[in-house]
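Everything below concerns the one structure shown next.
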Amino acid sequence: MSSVKLEQIRKDFGSTSIIKGVDLEIPHGEFAVFVGPSGCGKSTLLRMVAGLETPTSGNIFLGERRINDVPAKNRNVSMVFQSYALYPHMTVERNMGFGLMIAKTAPDMIRSKVEAAAKILGLDKLLTRLPRELSGGQRQRVAMGRAMVRNPEVFLFDEPLSNLDAKLRVQMRTEIRALHQRLGTTSIYVTHDQVEAMTMADRIVVLRDGLVEQIGSPTELYDRPVNTFVAAFIGSPSMNLLPGTVTSGAIAFGEGSRLALGGQQRAQDGDKLTIGVRPEDFRVVQAGAPGSLAAEVKVTEFTGADTQLVCTANGQEVIVVLHQRVSAQVGDKLGLIVEGESMHLFDTASGKRLG
Amino acid sequence: MKKLLDKFLFAVMVLMVVAPAVSVFLWMLSLSLKNEVDTLAYPPALIPSAPTLDNFIAVFNGGPFFSYFLNSVIVSGAATLIAIAVGVPAGYGITRMKARKMLLTIMIARMTPAISFLIPLFTVFQAIGLTGTLAPIIVTHMVITLPITVYIVAGYFETLPRELEEAATMDGCSVWQSFRHVALPLARPGIMVAAILAFIFSWNNFVFGAVLAGRETRTLPVAIYNVLTFEQIAWGPLAAAALLVTLPVLILTLFIQKEIVGGLTAGGVKGS
Amino acid sequence: MSNLNSPADQPPRSLLARLLPSRLSPYVWFIVPALVVLMAIIIFPWGFTLWMSLFDWKIGSAATFIGLGNYADLVHDTRFLEAIFHTLYFTALAVILPLIFGTFAALIFNHKFPLRGLLRGMFLLPMMATPVAISLVWTMMFHPQQGVLNYLLSLVGIAPSEWVYSSALAIPCLVLVDVWQWSPLVMLIVLGGLASLPSDPFEAARLEGASTWQVFRHITFPMVLPFIMVAAVVRLIDALKTFDTIYVITQGGPGTASETINLYLYLQAFSFYQIGKASAVVVVFFVLVVALSLMLFWLRERSKWSDA
């Protein structure tokens, strides 16, 4: 019904290629998050679905309909802008009802729809205010109300929470999620914040340099990142990536530092591999214990629930997160071990996951 | 103590700057209120000994002043209205199309002395035989009103965030609807400023009327120029006439002086 | 990232837009009416002027094609050459002096003081007032016997002057009027620039112990110079075009002492009705304006301290 499909989408601006070939499909009702570093093309993709940009080549489908040639105003798709883009000279009520008015909806219909949406979003007392009289969070909600009221087939969000302070951001995340559960509309949400992606998405699309790196549920991306980029991008603090060479069943990082490889890893001696270990997957043992990585504590951070240790091992920075109180001091020497299943192996040259 | 001295010096400097500007107008007022005796008196005094409104009465009686006033109103009003009707969408279109070439045409218009347009236009109007009406004067005044309208209005539209219009597009607006419901209301202050400035500069214009107008179709600046004689010193009525001609403009200026400070500087710094 | 209507690459098109050849932006309709008017009142007259300049044409008689004959005549026309000299003399003074006074005024108005808004508004009046009206008042002020200016001179013990009745003083007197009238415009432009300057450099300088004059000389002035240059270009173009004031106060006299190119042009066209010759003058004048403006533009580029 209102699924979105991108087929071989390419986008060039002059001689620069922003989107280099993207294929993806978002089924009806899914909350998909496009995430990636600045310049990866996520906003451009979103705007192409909106109709504000045209693909240089490729097809966009809304349901069964190919919408490449349908102008933005006719696509029945709503967008929430990063800066909200509320009409400064209109009241909240007129802002929300504007699209319906353009569509020549009857005034009573407009009023009832606006009031219904306002109620859901907690805006019913603010209908006569102007945007400049509202707080950031309120403006955000008006922007969403404006998008909701037309009952579009797809919601598009372009980094809507970037301009809010941290606390408000967390609150709005939950609200948007709740709204989605209530309305069930297919949604595409663009952000550079992987925490937002992880907490809000049904599925995440990780983009880099105009290409899709991986598509999957948050769990899939977390547990089985498909390359070092996704591995380091998803998860905070980032996954530790330690390049080394395979020597007799373990990975050697030089100067005798080695970590035992788990049994199921089938790697050849001499292979250059990068180990990925999430900070919380380390176990701390005595320095020098067999099969452990020698590390020295540089900084300790105590977050209340966890202890975070920033260590150096073999000249590299390694972050360890322990879900308990540990009395580690700066300068302490420890050994780090990883359980086999928690170890991710990547080919150092290509960055791709092995096994 | 030094602070007081500084403040005093500053006040003196302010006075030095503003006084010359204002004093000419005060003198104009003074001359217009003087009867013949005061006018010829030496030394000339700022405050007339016997202020009188006779000069103003003489202006109204001496010629069809109201008719000239009306001519000016019609000419400048029409030239401004047409400039707005045509120039506001143009200013919008230029910023959205990033059409710098139009602005170049406007620059050329600004660089050319007004008389240059008069010569061909005058020739054409003569050939068509329209020289007796206000129409050619209105058309020529558009040389003044249109460029400045487009320039100022374009500046205002430039500051409109594109996201607002994208939101309007997503809300289903066509290009025209987006202009009408979003861009236009938000540019209203700019349009007002442009209109007032265009009106003022059109009102002040002398040369177009001087060439194109006949007896009945003169605008005010032309009319009062013809009052000037060098033999007699009929200064009272002359000063009164001058005051009456420029008073509307002065009032309009004080009205929008804040916007002028904003509007002209934006155009001045950005463009020429 | 928003390029809603970049020329070769647009979103899919609405009905109105499809009425046009597909390469044209839908915004073209917004410009068309203005374009029509501009063609009629600016572009066409310009073309016509260029064409007329190639003819020997007096209104009422037939036109004879003489190619560049008018231009050749101008080269030998002493009156025209003198007019050029008068114009440059007038313009040089009418650009530099308002720049000085206007900048000074801008510095003053950049400070906050009570009644600043009102006083600034009053300072603006000269440039907005009807030039003809103002010029008439100045004419009365310049009058050697009854004019107030000579009276003021006598108060400070200076002998009365002939003002505009003297060939040598005619142009300086006109410059005086021009300075009075247009310093406010310079003030506006420079003030806009001053207001946009970041305050940090000034605060840093003060902390380092700079005196007011030093702050002005080493920080304010260089930073405000680009804006002064903008004002200079604006003044240059306006000063070259000055007509009303000169026409009303001196009519280009005494004799031809204050006859600028503009006055000469008016004479040729509307007193002698030699529109062929006048058109040639227009072209030459335009070239002069453009040349001088380009020179100032170049100077302005060199004075910029930021990418503003």
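When the chains are written out, they are named A, B and C in that same order, and each has its own residue count from 1.
As a convention for this text, contacts are C-beta pairs under 8 Å (C-beta built on N, C-alpha and C of every residue); 3 or more make two chains touch, one makes a residue touch a chain.
Predicted model, so just to flag it, every value in this text is computed and none were measured.
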Any chain that touches chain C and chain A:
B
If I average the CA coordinates per chain, which chain comes out farthest from chain B?
A
By number of C-beta contact pairs, the top two chains:
B-C
In angstrom, rounded to a whole number, how far apart do the mean CA points of chain A and chain B lie?
57
Quick one: chain B and chain C, Cα centre-to-centre, how many Å?
15
Of all residues in chain C, the ones touching two or more other chains:
2, 4, 14
Could you list the positions in chain A whose residues touch two or more of the other chains?
51-52, 72-74
Could you list which residues of chain B touch at least two other chains?
163, 166, 169, 174
So in the complex, which bits of chain A are touching chain B?
50-52, 72-74, 77-79, 81-83, 85-89, 98-99, 102-103, 146, 150
Chain B touches which residues of chain C in the complex?
2, 4-5, 14-17, 25-31, 33-35, 37-38, 40-46, 48-49, 52, 59, 101, 104-105, 108-109, 111, 113, 117, 119-126, 128-134, 136-141, 143, 145-148, 151, 154, 180, 184-185, 188-189, 191-193, 196, 227, 230-231, 233-234, 237, 240-241, 243-244, 247-248, 262, 265-266, 269-270, 275, 278-279, 282, 285-286, 289-290, 293
Using the touch rule from the top, collect the residues of chain B that touch chain C in their complex.
10-11, 13-14, 17-18, 20-22, 24-25, 27-28, 31, 39-40, 42-44, 82, 85-87, 89-90, 92-94, 96-99, 102, 105-106, 108-124, 126, 139-140, 142-143, 146, 150, 162-163, 165-166, 169, 174-176, 179, 200, 203-204, 206-207, 211, 220-222, 224-225, 228, 233, 235, 238-239, 241-243, 245-246, 249-250, 252-254, 257-258, 260-261, 264-266, 268-269, 272
Inside the complex, what are the residues of chain B that reach chain A?
161, 163-164, 166-174, 177, 181-182, 185-186
